[in-house]
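Next up is a structure, given as structure tokens.
Chain IDs A, B, C, D and E follow the sequence of writing; residue 1 opens each chain.
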Amino acid sequence: MPVSPGTDGGAGGPALPEPVLQANGITVDLGGRSVLTSVDLTLGRGEVVAVLGANGSGKSTLVRAVIGLVPRRAGSVELFGTPLERFRDRARLGYVPQRSTGSTGVPATVREVVLSGRLARRRFLGPASRADKAAADRAIELVGLTPLRGRPVTELSGGQHQRTLIARALASEPELLVMDEPLAGVDAASGHQLARTVGDLVASGTAVLLVEHDLGPLTDVVDRAVVIDHGRVAYDGPAHGAPTEHVHHHPHDGEPARLQPLPGEGVL
Amino acid sequence: GDGSGDDGPTVVTSAYPFQFLVERVAGDYYAVENLTRPGAEAHDLELSPRQVADVQGADLVVYVEHFQAALDEAVEQADREDDTTVDLATVVDLLEADEESHEGHDHGDEEEGHKDHDHGGVDPHFWLDPHRMELAARAIGESLAEIDPDHADDYTANAEELVTELQTLDADFTVGLQNCELRTIVTAHSAFGYLADAYDLTQIPIAGLEPSAEPSSAQLAEISDLVTSAGVTTVFTEELVDPRVAETVANATGATTAILDPIEGLSEATADEDYLSLMRNNLDAIREANRCQ
Amino acid sequence: MLELLDYPFMRLALAAAVITGVTAPAIGTFLVQRRLALLGDGIGHVALTGVALGLLTGTAPLLTAVVAATLGALAIELLRTYARTSGDVALAMLFYGGLAGGVMLINFAGDSAAKLNSYLFGSIVTVTSSDLITVAILGGLVLAVVLAATPQLFAVCQDEDHARVSGVPVRLYGILIAVLAAVTITVAMRTVGLLLVSALMVVPVAAAQQVSRSFRGTHLLAILLGLLAAVGGVVASFEIDTQPGPTIVLMALAFFAVLAGVRGVVALTGRWRGRPLESG
Amino acid sequence: MPVSPGTDGGAGGPALPEPVLQANGITVDLGGRSVLTSVDLTLGRGEVVAVLGANGSGKSTLVRAVIGLVPRRAGSVELFGTPLERFRDRARLGYVPQRSTGSTGVPATVREVVLSGRLARRRFLGPASRADKAAADRAIELVGLTPLRGRPVTELSGGQHQRTLIARALASEPELLVMDEPLAGVDAASGHQLARTVGDLVASGTAVLLVEHDLGPLTDVVDRAVVIDHGRVAYDGPAHGAPTEHVHHHPHDGEPARLQPLPGEGVL
Amino acid sequence: MLELLDYPFMRLALAAAVITGVTAPAIGTFLVQRRLALLGDGIGHVALTGVALGLLTGTAPLLTAVVAATLGALAIELLRTYARTSGDVALAMLFYGGLAGGVMLINFAGDSAAKLNSYLFGSIVTVTSSDLITVAILGGLVLAVVLAATPQLFAVCQDEDHARVSGVPVRLYGILIAVLAAVTITVAMRTVGLLLVSALMVVPVAAAQQVSRSFRGTHLLAILLGLLAAVGGVVASFEIDTQPGPTIVLMALAFFAVLAGVRGVVALTGRWRGRPLESG
């Protein structure tokens, strides 16, 4: 149920509803290497956009750049109409990182980690409110970890850990949910459950930006696909037309991909 | 330490030489509690609660202020009466820490900084000068007489007897060190400033007041040159200090090493000695090293 | 045992023990979470340089020590962020830099700085009432910040990226933790001793981890164990006539050993064995 | 091209070739919790077995137990006919862990990490032989990382890192290759490449034990599937008959799965 | 500058500097890789307890120090393996346990242990020729082991699970690293000083990391930098009249600062910018 037009949201005319995410000309260097070059990305309310592309094409870097985790060399990002630099209303943002990052010296339970997803919504002082706890428990329920909520995250299986991170992002009840390979290591049942959850969120107006290699159960909820190749947008259009199986470079060469991007249109 | 201090009159001292003095002057009237000398390691300058209680409960405390931080704090905290606390620093005249011996170290302009804190800059090893020990013995006698007037005469007599022995020691040093081929002693750390001052010797310390400080290479080279040019043939080391610094200088100059005891405490090897016998050992060692007649 | 309360210094020591025992693990838990368990000791080394600098320049050494310690804590955050160094390496550089710098400066400052340790190292049985006030104010401050900002601090230590996305000024909180730790250590080392405060930041947390499974549980249990070790250590040091600092530390280590043992026995005898597997 | 019979390799009779892996009655406790109960697993030469199951069912624990990374409470494991405890010929074993484990304080390049896969084959002293280097480079080539072989592994994307770990396992030229979710985060092209590589290995007699939620490009090479459910074998039989989509427990209950295992036969 | 060679102790110091400068980073690289950068300092603290024990029981203090340090290194491996403690916490426990134990024992040992530091801390300018032989043998041993077992040590430090699957006796190698480090530190602290040897285990590695991208490159560059800092520091300390230990450490830290700066400048000016992206 996309609200804004799929292919060129925000660029069409001033009368359209303000896009949730508007990124223009994003250019990122990592370790002295040019990783993204002039990438544009727009996301409307209730839209689900999948970022596709080969390993190392720059998908994670792109989503990290639009939420401010990676510094840009050039380009601008607006979230809900506010430039990223001045964007304070962080509760509207949820993020699921690729692979887990948080291994720390003190144990923390699933519930504690998920509750930390409420951070941006909590009043500054005092313990978590009832609403916070309820939202966290609801998120845990959604990923099916309720029986494990008192378990330290270090004692989870890979997929359980991944689902904990999904729950943490859901707990903040975001209007823009950014997920970097959320299905990696997650079993089929949980994948379908996630697809249902994303469907419900979208119905309530949440926009979703996700990175995946294989959309699997999420295929049906995705409105639009953006294919990244060598740090550039190679395709931006309807999901069913995305050249997922074809944009990849031969593993042995160092040259740019040979497939010519066909912006705005599927090649399959 | 038994803590309470009620089970008999006690005197607390902060170092072995003071313990020696009090034991001689107080005779059997007071038990002497010598606080274990805290080591130089930063973390362990700490007294046990019993020792703090001893400091509070003791009839008399004999120490040198600004020498052991932990003890200073305990004394300050105990809030003792003035006449039951003997700071020997006020009795004898303490020398500034000797800086000249390290030529090439000029701290002239930096001195200002230290003026507000009188902690540094003072050399506590006054007990190596028998004459200053006489003053300390008399002061202890007077204090004991004041807090225990019943036995005042005994304390005075004991103090005078000790002073006589110290005078003899002083005389022996004066005579023993009169005719020497050399008037320079090279020591492991600069503990012997008072001794050198009293008997017209020049001390070349390899390390500063803290025996654990690492010497600089240029300083070692400089001392080696000094040793060679002064014709020194013996480099002194200490029982409780690693001899390697002294040995390095000795090796570099072809000198030999011998032991000079700063008498900061008794070790296992010197358990049977006392202050007087240790001082005489030191005298013999210097006479031999400096080839005195 | 009540005999020890006859001595005013023991009453002061117990009060200082209560404050330190509670404050040190309260902030220390976050250090352990960030894998900076040895920050306390590192700060101590840098404070030494600060004292030497103070002596050289004629500034109050305690002030320069606090400044140096705070700068050191900032340096660690910067090294972690901008140079390719992990926390332990950044700490090591602070250690050795602080120590080498201190030793060199002392050398320049001359013999008069030899007693510089006395600026730095206090002992819990020689705490004065004005010391106690300082420690209490500082402890209250640290506890207040920790209580107020636990969710933020937890998030920052748990997953920096996520905290950043949640709008937490990550670097600011990282610096807050480091500076709180630095100030606590510098002030406390002067009143109750470095060994005591830096050990109480880590050992009770390690002990609590043995049996606790949640962050909150670990945090609270660590504070409780810190309190018990501090008070128990002061009492024990009085009874068995030892220095209170090491006694407290050894008591905390004993807690660790006991709890690790409990955990080992429970795991081995399989008290939980056969318990139905929770599904997920 | 399976060499040993699919369903009951090794159990049929003494005349069969010795199984590559024979595990009987494996029971594992983790953190005081019973994770695996009496699991049997057999693998013949050239056989490809996929371990399937929901998150937390015990798949990773099973593969880690059979290669000795997790202690067993009961049960026996034989590798190439030798009890695991006495098995020294480690060069015959390759392992790809689930999610990366090795983040260390000193940088290491892709090539260095892959070369460490040759450890069990290297002579004890001296630098890596030419054969070692050639094998490492071949493995890097197979996963398509040749242009990145001098890159520190900390500067790789998620999928590139995963492929480095696959290359490390391939470098040892193993006779038993154990892979725990090798495709997680790997792009489609590399997935197909891995499938081809596994096919070649199997042709040369290598046995493969792999854990996956979605076999994807590997579907064709898998001979047999073992489904784990709540720490027990719920299915062991031909891959095409495995009840992948059905063995999962409802996320909210703590009870055993309701599907009855049908050993030796597919349910679809 | 050649003037310094006139003094026999400077010739010995230079020789000891060469050996320490090469050996310390050679083993230290693996400590950094295992995130145990502060192991050197921890071992030093435990060695203190060992010396105190030796003095108490009338055993040779150096022997008890080596034994205590080795046991401490083993304890860290055990804590990491069996208790829920990360490396830094295990190290911290060793630190504080060693220190507290040492202080308590010194307390019992009385006066004669007061100068116990001098049993422990040497200085590179007071190395004797027999010291040099000890250090050379030890250094040769460490280098031989490191050279022979680099692939195994690398694998163990990089990914324990993978090393275990490859048939490397992981615990044994972990212990080998710890014990090698413990023995190196205990012997070297007595001859060249604790600060020097423990800092040279870490700082050159951190410096090398700034510009090197491979393990091998880091390892070799660290050894080179360690050697340069050690020799350069001895020479500089002679020229500018400072203690050699801290001078060497500060020189190594200066290398770090320069290389970190070089890296920063290169990254900022974007020397690599626009370089075609390698595919993967």
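Note that in this section a residue touches a chain if its C-beta (ideal position, glycine included) is under 8 Å from a C-beta of that chain, and two chains touch if they have at least 3 such contacts.
Everything quoted here is computed from the prediction, not taken from an experiment.
Any chain bridging chain A and chain C, meaning touching each of them, is among D, E; the list is complete. Taking the mean Cα position of each chain as its centre, A sits at the greatest distance from chain E. Set side by side, the interfaces D-E and A-E show unequal numbers of C-beta pairs in contact, with more at D-E. Mean C-alpha position of chain B lies 37 Å from that of chain C. One simple way to say how far apart two chains are is to compare their mean CA positions; for chain A and chain B this gives 74 Å. Here the CA centre of chain C is 25 Å from the CA centre of chain E. With each centre defined as the average position of its C-alpha atoms, the distance from chain C to chain D rounds to 45 Å. Along chain E, residues 32, 35, 37, 84, 86, 88-89, 99, 103, 107, 205, 209, 242-243, 245, 278-280 each make contact with two or more other chains. Annotation for chain B: residues touching 2 or more other chains are 40, 43-44, 46, 48, 105, 214, 216. Touching two or more other chains at once are residues 31, 54-56, 105, 107, 144-145, 147-148, 156-157, 160, 163, 251, 253-254 of chain D. In summary, the structure contains touching chain pairs A-C, A-D, A-E, B-C, B-E, C-D, C-E, D-E. Taken in their complex, chain A has these residues touching chain C: 67-69, 88-91, 93, 95, 97, 101-102, 104-109, 112-113, 115-117, 119-120, 122, 124-125, 128, 144-145, 147-148, 150-152, 156-157, 160, 163, 168, 172.
Of all residues in chain E, only 32, 35-38, 41, 82-89, 91-93, 95-97, 99-101, 103-104, 107, 195, 198-199, 202-203, 205-206, 209-210, 242-243, 245-247, 249-250, 253, 256, 260, 263-264 touch chain C in the complex they form.
Residues of chain C that touch chain B in their complex: 4, 7, 9-10, 13, 48, 55-58, 103, 106-115, 117-118, 120-123, 125-128, 193-195, 234, 237-238, 241-246. Contacts from chain B toward chain C in the complex involve residues 1, 3, 40, 42-50, 52-53, 56, 66, 69-70, 72-74, 76-78, 97, 99, 105, 107, 110, 112-114, 116-117, 119-121, 190, 208-210, 213-214, 216.
Residues of chain E touching chain D in their complex: 29, 32-35, 37, 148, 151-152, 154-155, 157-168, 205, 209, 212-216, 218-219, 278-280.
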